[in-house]
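The chains carry the letters A, B and C, assigned in the order they are written, with residues numbered from 1 in each.
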């Protein structure tokens, strides 16, 4: 049933997983860098040793910084589980068309999620939609992996 | 020593890892959905664009929402490292009986952790026990992987 | 191009990835244990059921606890993506010398990051340096993976 040959650059499904995983790693890091930039722009530092001037004090409640941190945390909650389950899903030898489009759905919707959450705030339901497309695709993969483990 | 044939549905150890990883991915997502539900129930929204009514204001300190968020964050801290180390542990060709029971211990105790933390609050040491069973099992796997890398 | 034989104990690149991944899993868990210790030392508990004495109240703003929690969260943001991309990077068959030293750079600099952030606070730019060394190495791996997926 499982064929380790699936983990190969010849397998377009694995290749698509590989590419989107790398792009989403870069996207998560971009959220981190963006948090840092926002801290400098708003002079909001969480540690005394980070204060650039003796006039500054530590601050934890800048709404712009907190917004990026929420987007970043949402990435950890949703993208990191995808990294694990996406690889295992490749091993279940799924339909190439479906799997490739699920990976694209996760990748694109998670990028959109960050954009509408933390870069240009777009009214709901844009963020909810981006969230649920990625979640739905990943849940589907997890269910397929559970089924393949059980039978 | 390492045999890539270990990554196979024929290998009951890998299969158990696969199944519990998928179940725990779904469990992490359930914590996310539960946070969202709790936000609606308590009308606690962190973003202005999420407010359902002009009478509401953003709120960050609802104890019910924060409890689920702490449980969710604890998942990220403990389950996500398990996803990585569990797979590498399979590659060290461990005793099947031990490995299968370690995976079960992690899976079951992390589900119990969420239940006693965020669904029905059970007095300590129930949460601490669930936490340490999963932690102990994952630390053991990590030590076996370190040893296998070194020798 | 991709050779699944790369996932083997004979491959020093994979072995180095394996060893540092396991060490960093233990390092993340150490941050979690350290948070717990700091909670006891400062009597800062986030849940009513954790209070050791009826005189205590839940507390969320102890600076020592919050510092360790920030270091811990920074681990999740940076080390967990490394676990995924490091494995995929091994599959791109990189130069052994470069890959081994990149893994070492990530491992050592993330340990230094925790030490100077949460154990003995060292003035900046020590923490920033540790952060950017690990980030730079991981971004390089992610770019190599993107390129290998595309061509």
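The rule is simple: a contact is a pair of C-beta atoms (placed from the backbone, for glycine too) under 8 Å apart; a residue touches a chain by one contact, two chains touch by 3 or more.
Going by UniProt, the chains are A, B, C = Microsomal glutathione S-transferase 1.
Just so you know, these numbers come straight off a predicted model, no measurement behind them.
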Q. Which of line, ring, star, complete and other names the graph you get from chains that touch?
A. complete
Q. If you list every residue number at the subunit A and subunit B contact, are more than half found on both copies (same) or fewer than half (different)?
A. different
Q: Would you mind pulling out the distance in Å between where the CA atoms of subunit A average out and where those of subunit B do?
A: 17
Q. What are the residue numbers in subunit A that touch two or more other chains?
A. 4, 7, 73, 76, 80, 83-84
Q) Which of the residues in subunit C end up touching subunit A in this complex? A) 1-2, 4, 7, 66-67, 70, 73, 76-78, 80-81, 83-85, 88, 91, 117, 121-124, 127, 135, 138-139, 142-143, 145-146, 148-150
(Q) Taking the touch rule as given, give the residues of subunit B at its contact with subunit A in the complex, in rising order. (A) 4-5, 7-10, 15-16, 18-19, 21-23, 25-26, 28-29, 32, 46-47, 49-50, 72-73, 76, 80, 83-84
